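Should a chain be cited, it is by its letter among A, B, C and D, assigned in written order, with residues numbered from 1 in that chain.
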């Protein structure tokens, strides 16, 4: 297991997994607990990449100390953060970035990454970079050309990492790339095609944490009772680097770059809605505040209202999903199901790939995912 | 279709159905819309019973005028409210009650009801009486003995009505009894046994409206992500007759008389919780206020909180479900599936019978119910 | 009394006042009820101005019919909406505008307005135009020069109206201008100076409705207990023309153009906060949804949280204040207190002028305002 | 300073004060900060009483260790918890109680307390016992007779403590008794009369923490705008000993035993309301969950709604007030203002004595209290 982006999520993941190994924590926040044959305790972090000058060259242990003071497992001293690719991904953030592409062409950078990965041989590569401003490619040829042309304006870090993952997978006979951020990878046919040809499994896009999956389940709840949703407002505010990044307009837009709306897919009609990350408020830290208002029509014309508020820790929610995705990635490679796997994406991702597939109620998706993973459905 | 209890729910049901027939309303609030072969427009109200002195002998039209001023269909002038059974069901409420049992034995009252029903020949009898204080019977013999003994202290109105429904079903070859209130009927083996022997279908118990089904779906949402629920508080306050009735302690207890907790069944452990109807506040009317607080543990020990508030119209929510149940009751009779039907109860009822069956996530229950009714599942 | 801007607020005001005269409504929503010598029933609407092509030339009665169907007083047929000044105030809104400045210079337009006003002789002119993008003048000379130069890019409708009001006040010996929108008038020394010299009373700026006054009182509540506020997030979303206007970035900024923050003035330090109008959602109509989250430190380091949600009718809240301001304006003119009056502004305005004066807790401001108006304080 | 009841509140108070002395904490949560001449650092805890067998004889340091693990000041090792009076105050709680009255008559117990107090000579005695079920006396004679008769059924611990405080004050020439719990002391003319005759100052009753003062300020906010409140629902649930005690019906009633409603006093009419402690949920601990719903009528008949939720630490909120009350008590003794002092009670108490005095908006009360204490008002 290799981490791309040693930020809050990557650090929570690393700490949580190591603490579980030490017996300090239960399996809370991990959907499949320890039900899979691949155990949580089997997860081994073999590498980490970042582009923050203050992190490169340090151990994950030292990086993690920026976020917490206690309970940091000593085992994290053995993993050193290497220099990755940024391509403007930290633009406008108060962080000094340096990347391989500052010293070489993108093609050379990809080759260097593949060489490094071939030494540590991760089964699964997890992408938890900062939210990027991006444009999908649509077909494989355009993507390959952009790499060949060293087109730094066209590509983002995630796109280059995913490309490198495909080359790496080909060489080692199979690997998985988990894209937990909004950049479209599993929803970009360019990458899915590339993955199929190169023995890569892609899970993506955008880990289904925060208010969206809850909203999805509540909308499903209303849809099943045929209550007509008049309007939906959902606000989010937080104080972590991700919310800071979203104050950058270009990036914020990438959050909305979804093939279609969860609202329409679950309700069957496009109820008027305002759903987007709203602001940055530093003292909230990683625990964001959400507020949601839903107004709907019930039988005989009655109008009801729901208001949902929450204080939700952003990074642990995603890190808990990654513990499953790391293990499901390995299972998929073993099954040789290359390309992308909707059964997994539909539960774990806000924007489940491939591009032509819809959002479905998570509770249904959960049962389907269990069956895909060889587990018994829980209720069905 | 026959209504037992011409209160707010029964009146919303009657008005809504007639307005749909007139084309004034869509199918909002009816889970199965008009997807069944049995159409909403086919529902015909052939009788109505109540024990409020001010309602008996009046037309449903005149009764309904107490609740609304506008949009009352003229067709409701044709149904006259007859005298039913009360057995203390309006005790402590500011309503003067009179029942058949004031003039005759319970056995005679049952016979009288059956005779009346044989004239109007309803397929489905819907029980929407006021919440009662009750004790289940457990076996058929005890129930029959209580009727024979004219034991007015032991029996409640709903229990006598359900008994009468069984005798009626036997005589006409099949009928359905929908128990939308908390009294255990579908969860009382006495009634289920009786139903099987007498060609009666029972749906019950306690229509799944208000905060409980939403709570259930939210708990399922958390359970699927293996988030550990620390505590749940849920408050309800309203201003309709049902909330007034619940200020009576005996009755309130009947709300808690469930075979086991929805919390435990959905989470798999009994998270500390406080869930009960809380108070009566007249100006809120039929639109209750709910407040819910859930605290849970996510990955790496992080603690999150959800707060859910709502203004929800009580009666239309239940009346919308009754539109389905009336039609599903007829389908069940046609299929000759006598006794009680878990596939239907699991979606529509707070306390789905039979007694040995658990609560499951409603979204799953919805799909199973569709399949039972011969419809395609929506997402599965 | 004359209305500038016959939109939702102006229409609610007109309807409410006339309905009170007819005895159809109590004094709810009017802070001073009917305690002043100047009675609510004495308010007479003598003129109305707008720049919407669909409103100009129609009666207020006909305009108001766009907003409501029932309870529209016939007396509103007597007031015809005249053409006012727009100066881009409807830019980017789906409304076709025309103004006097399309046919003549601003100076001529001002003269025309003054002439018209001299015929209907209002005591008080109320400005409830759409939120504008503006720059304050700072000194009188710059303002006069902009009028003389016919500088349409520099001036906004409100600024021209306030200028005209001063000329009118001079001619008739005294008048009041109530600025209920965010454009700085009472906080612009240019206008205050002009007002003093011309017998004009200015009340302003930005009527204190919605979440802000409530936030102010809650912050005062915390300040008095010396609870340390860590952060404040406040969201607003609505569906009326004002929220639509605020989707225009320039205008939205004008909402933030305040001499200093209510947060700092009430707490004594600048707690991190995110407070701004957030979005537009048409089906919410005039009844906006607000969500607020406040986190603070109590004794011994304990951290508490408050979450406040509301559904609040925007226009009636402001219209109720205008009923007082119209009467207080007349009182101020009678007292010859020309310029601007902090005692009034501190209670009724979000941004109380003059510019050097702070926000104070509204409950205190209320008592001071009562004393200014010759009424007994309620609790002090 | 002497503490009666070394529970959560008493312990938070003791720890907080000592930590401030050590410079570990700011003055957050203390309304008057360090503005009084009597400094926070001057507060000295000279005694502590309890009736829990597990606390009597231990040091406050050891008792406090039951509540927290860290930051416990060593100085608390010097104060030993002595045996007080219980009179059923721990009835139905899972605590084994023993009191002086188990070994002697109440009269002897009072004498023993006075003797002990004369040795440690506290200026101020703070009562933070568990909520009691009680009946006020009304006149001094009845109270004295109950003591003389050793009437253990008639008296509560707080009533006996307050009686002892009066005898003590007489002997030492002046002292203050702060009653922070709901038992009526400052609102019982029996005690006020006794206090006046014996050089005792009483502050009371029931420290104004939690949702009530916030509700009061919000109702004042609405009252000032003449918004008509249709209904108010307020729920509270917590997991500390006080909430556990309130599951005892008798005690819960004492929370409602107020001379009249805050609702009526602030609004001027008795809006329908449901305001009472609602339940006990152990995992919430000292941080209670509150939910409030207010519906009101604004101008032109518009209906608005507010929903307020909170997570509020109960004990620190009260402990912070006690830091002021301890100092104000000393000031009052110095000023020889014996009896009870409404100016202080009106801000700090839910039920401000004397009995004939009303609740007023806290923001007003705050200013009046400052003036009484010789401080400048903050805004007035």
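Here, a residue touches a chain if its C-beta (ideal position, glycine included) is under 8 Å from a C-beta of that chain, and two chains touch if they have at least 3 such contacts.
Being a predicted model, the structure only gives us computed values, none of them experimental.
Visitor: Hop across touching chains from chain A and tell me the fewest hops that reach chain D.
Guide: Graph distance in the chain contact network comes out at 2.
Visitor: Just grab the chain with the largest centre-to-centre distance to chain A, centres being mean Cα coordinates.
Guide: D
Visitor: Take the average of all CA coordinates in chain B, do the same for chain C, and state the distance between these two points in whole angstrom.
Guide: Here chain B and chain C have centroids separated by 51 Å.
Visitor: Rounded to a whole Å, what is the gap between the Cα centroids of chain A and chain C?
Guide: 47
Visitor: Based only on mean CA positions, could you tell me how far chain A sits from chain B in angstrom?
Guide: About 44 Å, centre to centre.
Visitor: Which residues of chain B are in contact with two or more other chains?
Guide: Residues 305, 307, 309, 311.
Visitor: Give the pairs of chains that touch; include all such pairs.
Guide: A-B, A-C, B-D, C-D
Visitor: Residues of chain A touching chain C in their complex?
Guide: Residue positions touching the partner: 230-231, 233, 235, 237, 239, 272-274, 278-284, 289, 291, 293, 295, 305, 307, 309, 311.
Visitor: Name, in rising order, each residue of chain C that touches chain D in their complex.
Guide: Residue list for chain C touching chain D: 12, 15-16, 19, 25-33, 213-214, 217-218, 220-221, 224-228, 287, 297-313, 316-317, 319-321, 323, 360-364, 366-368, 378-380.
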